[in-house]
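Residue numbering begins at 1 within each chain, and the chains themselves are lettered A, B, C and D in the order written.
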Amino acid sequence: MLELRGVSYRYPGYATQVLRDLDLTIADGEIVGLVGANEAGKSTLCLVASGLAPASIGGRLTGSLLIDGEPMTGRAPHELAERVVAGFQDPATQRSGVAATVFEEVALGPMNLGLAVAQTVGRTRAALAALGIEALAERHPSRLSGGQSQLVALASLLVMRPRHMVLDEPAARLDPAGTNLVAGAIRALAATGAGLLIAEHRTDLLDGLCGRIVVLDGGCVVLDGPAGEVFADDRIEGFGVEPPARIRLARALAARGLDPALIVLDADATPVRGVASPDPAAAPSAPA
Amino acid sequence: MTAIEIRGLTHVYPDGTRALDGVDLVVPAGQRLAIVGQIGSGKTTLVRHLNGLLRPTAGSVLLDGLDVRSTHVARLARQVGLVFQDPGAQIFSSRVRAEVAFGPRTIGLRGAALEAAVDGALEAVGLTDADALNPYDLGLSRRKLLAVASILAMRTPVVVLDEPTTGQDARGTARIRRIVADLAAEGRTVITISHDLRFVAEGFERVAVMGRGRVILDGTPETVFAEPSWPVLASTSLEPPFAARVGARLGLGSTPTEASLIEAIASRSAEAGSRRGSS
Amino acid sequence: MRSGSWLRVGLGVWVAASVALAGVLLTGSFAGTVDAATGAYTGVANTVMLILAVALLAGFVVYAAVEWAQTRSLHSISSQFGTRTIVLMPIAIAINIVLGQTVASALKIPIYLDSIGTILVGVLAGPIAGMLTGLLANLIWTFVLAGTPLGSPYAWPFAIVAAEIGLLAGIFGRLGFFRSRPNTPMPQLVAGTAVAVLVLAALAYWGILPAYTKGVTFFGDLSAVSPFFQLVALGIAVMLVLAMVGLVVIVLTRRDLGVAFIVVAGASCGVVSALIAAPIAAVFFGGVTGSGTDFMVAAFQAAGSNLHDAVVQQSLISDPIDKTITYVIVFLLLRTLSRRFLARFPQGEQAVGLVEDQG
Amino acid sequence: MGLVPVTPGPSLVDAGISPADAALLRRLVPAMPTAWHRLNPLTKATIAAGESIGAFVLGGYLGPLLILALVIVPSAVVARVAGRLLRVSILVSLPIAVSVVLVTVFTRAGPTVLFTIGPFVATLEGADFAGQVLVRLLVLATALGLFGMTTEPRALVFDLERRGVSPRLGFAAAATLETIPAMAERAAAIQAAQRARGLDTEGGIRARLRGVLPLVVPVVLSSLTEVEERSLALEVRAFGRPGHRHLLWTIGDAAWERPVRWGIVIAVIGVGVARLAGAWPHIP
């Protein structure tokens, strides 16, 4: 369980509070989506939730970060590493730059923890298998596609066996092929039972993946609830968040006086053929 | 205004990779063109020929009939403004305003004209009240808008945007769409490279699909995203926009944008309604 | 500092002093006289400077060894090296190698500019981090990059010079020489510039000119000196005056006294580096570096200086220019940096004078 | 000296590692085709440093040439890199060699004149000094070239870490390999971006001077952004944790290699002190 209680934070050298008296709880195994306009504080929240702010960055945190009820104040970053980890946008800067193979890159974390070679090898194999990238084990980490590099970065986090993972726009810099790879990987991470907090603009990626959605505006949590409810809430556009396609289309149809049910999408947001085909017989009584 | 003619353009990099393999593309002045295709299909290489950063190995690039090779790069910058994908590759001033002023000042603007160009560009990207800030105190999204502003201020007849919507939120993308529309309204040619096919379908009148260094499909969003073209899109690992997929599934023909999809459904229902009314 | 650390520092200083003394006695530098036969000037200054640098390094090694013996760890040193400083090092080394070559080739003048990264680390992360980065940079340039096109087998002897550059940059950074002082009031501006010009003149008079006029005072009898050297000394004097006039103009127009501070710091680092690098270049490479400055060495030798003096005379021209330009570039860089970066480095905010209440 | 057989491969702790994993770990170890490659990296580094400092300390022609003939060349033959080593060493030392000849031959004062070209007088002493410097440079280039071609930098860094050097310093050294090419690419991309905004980089000195800051500042600023992101990514993987790490693989260190290393160090220091104290006989 990861908790932020009454958290406010400002960066070193700056007076403005970027997060203001914010509460957030992520239960074990829960997948939470974090949305909000740019500079609403999403990245800062990710840094605070992973303990990097203030442990690594410095700055001023009031309130507390608790993991399984234990306050993390004053802990060094490496003490947090087995509890909560953070992933970032750019696959290149998440590479250590000192490993000649993907296997050694992923094994870096356990080695830093001082584990015995047998344990490091075991954990690394498990992490590569969980994300389905065993085939990349002996490839050079800098000669992979954007999507593959991001998967290696996620494996390098999973190998730490954290209870919580915070991912700040993991697919932001990827092409469609890479984005699909990462979306699949996130589902695999969810299946390992780790709690996930994922910051992302494209609500379609979060729709159907996250149980809960938190909306951030001006450094405060303004909405926190089940994904279906939050995405259907009309206020989110005011917070600079665009609802997923299915809701946009439903609203557009309703605005034209048509029945929103004309377009029905199955779980992974692909249009279902037939059900909504406006066959005169099956068409509901469209308003005259 | 500037029309662009690209004839049989081929480019082979020193390490032997054949990035462009005979590209033919004519872009009339004032057109909004989107170039799409997977990473490595030659998109960025192509646009770098427009402002002379790269020289053709074979073929030619003409700006208003003038061969790019005969013009000095610094002077080409007056005609073709190129906004790079990574804002960090350009920003070097300690104030937003000074950063935007760099381009126009380098091509010779001074005094009131310079200030007007800067103000106009800051206004277009919504950074008017942030002009005294340090560019690195802006978030990544506003830094990208700053990079766009620094090119807009040069008032070039051709503006090229490389992946403008990456990392932008809904408001940022909407602002970029407005900028594209305003530029087109002023009769300037706008070319973008983008993976965001919804932004492409909604904001551009022509789409050139590139695959392995060639233009493999060229047409309006309606034709390029229609179901018959899907195999070609797949060959350069592109997925048609969501609205196009829904439209095809519902047998409504080509609906590249959500607006066109709703329109098609509305007309289909009205038609069904009238048939039932008359039977 | 706790008692243990007094012991370490005391031992380190004692060893450094003894190494310096032994060095001087061994090479008999203090007896520096004008060499009767060729009238050449036995370069007292540079051998002393080299000995001091070696002594400093020996003192540092002893300090570290004692700390290791006491605590089985090098905490007082490694704590200076947070993750951020360690990650900055390879990037600083890459900046040295890549940026130095790109800018030097862009400007097409024979300066090295290969210490921008080392100076940056010194200012942002502190003197010891700067020193170690300088040392590591040259060793890596030779050993780790050996066999690659970028590697240079001739970089490692100058590791000690790079260490000194990093150390000085760290000290100047801590003392605030890199602080921009925008729109300083006019009286302070004039006073500050005057002091800077005086310091530069003194630095030139005692540091640079002696190597060219064979120990003869500027206004004294010039006849004993070969005409070639009179010309060179005159040329340097004119160049220095021009530089100072330029400095005054820049400081007054930009109203930033910081420029005066940084030029003084750059020039002094240039002189110190020249004095240390000269003997190394002479001993290891016969005074040759393969770059444009070799022709100056040849010219001085043709005019009668022996190898040692010729190299000193050459580096006393090129190093101060190179280091001053590098210091000014780093100064302008720091002025552009947003607090977002500076605040996260151990000495970042202190170097640029943004120390805000952290409370 | 380099022909003595080396103990088999890297030492692998086989406790609790499956055969498949053990095979994988062996594949991680850089290829070491010859006996010379299989020497411990620190030994090869000490040999390279010993050869180059020895050449300077011995001075003259005989010393450096003996080092070259009796140590460097045979080792290069054993390591099967002799051809490439010669080519690369010549290439690397050519620019500096040309300067040495020009500077010393023509400017060193000396009684015996060989020939004169215009104002320049070539003296025998000049040629002799130039010859000595050239031989030293050749030894330096070949010694370090041989080390570079037969040792994977990461092997040296891991070996030093095994001996107690902090992994953080090892990281700084090893990370340079990937950082430098990336920095070169970034500088080129930035120069392209600024030229796209009208910055003229081929003009006169004033134009070029104006081009310095628009190139230097973005390179440094974007590097500092990268430092920030890299630091966070490493902290999250417990990079900051003090203490010993169990490395996946290390290069074996044969029993005889330690005395050889110390022998080289002592020999070079001995000759150096003797030379300083003037007790060393002058050999040409």
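The definition used in the following text is that contacts are C-beta pairs under 8 Å (C-beta built on N, C-alpha and C of every residue); 3 or more make two chains touch, one makes a residue touch a chain.
It should be emphasised that the depicted structure is a prediction, and the values quoted were computed from it without experimental measurement.
Interface comparison, C-D versus B-C: the higher number of contacting C-beta pairs is recorded for C-D. Work out the mean CA point of chain C and of chain D, and you get 24 Å between them. Centre-to-centre, using mean CA coordinates, chain B is 47 Å away from chain D.
Multi-chain contact residues of chain A (touching two or more other chains): 56-57, 77, 97. Along chain D, residues 157, 171, 174-175, 177, 179, 182, 213, 217, 221, 225-226, 230-231, 234-235, 239-240 each make contact with two or more other chains. Multi-chain contact residues, meaning those touching two or more other chains, occur in chain B at positions 92, 136. Taken as a contact graph, with one node per protein chain and an edge wherever two chains touch, the assembly is complete, since every chain touches every other chain.
Across the interface of their complex, chain B is touched by residues 186, 189-190, 192-200, 203, 213-214, 217-218, 221-222, 225 of chain D. Those residues of chain D that touch chain C in the shared complex are 45, 48, 52, 56, 88, 92-93, 95-96, 99-100, 102-104, 106-109, 119-120, 129-130, 133, 136-137, 140-141, 143-145, 147-149, 153, 156-157, 166, 168-169, 171-177, 179-180, 182-184, 187, 191, 201, 205, 208-209, 211-213, 215-217, 219-221, 223-228, 230-231, 234-235, 239-240, 242, 276.
Those residues of chain C that touch chain A in the complex are listed here as 83, 90, 339-340, 342-344, 349, 354, 356, 358. Residues of chain A that touch chain B in their complex: 36-39, 43, 89, 145-146, 169, 172-173, 175-177, 201, 204, 237, 240-242, 245, 248-249, 252-253, 256, 258, 262-263, 269-273, 276-278, 280, 283, 286, 288.
Listing the residues of chain A that touch chain D in their complex gives 47, 50, 52, 55-57, 76-78, 81-82, 85-86, 88, 90, 92-98, 100-101, 103-104, 107-109, 111-118, 120-122, 125, 137-138, 142, 153, 156-157, 160.
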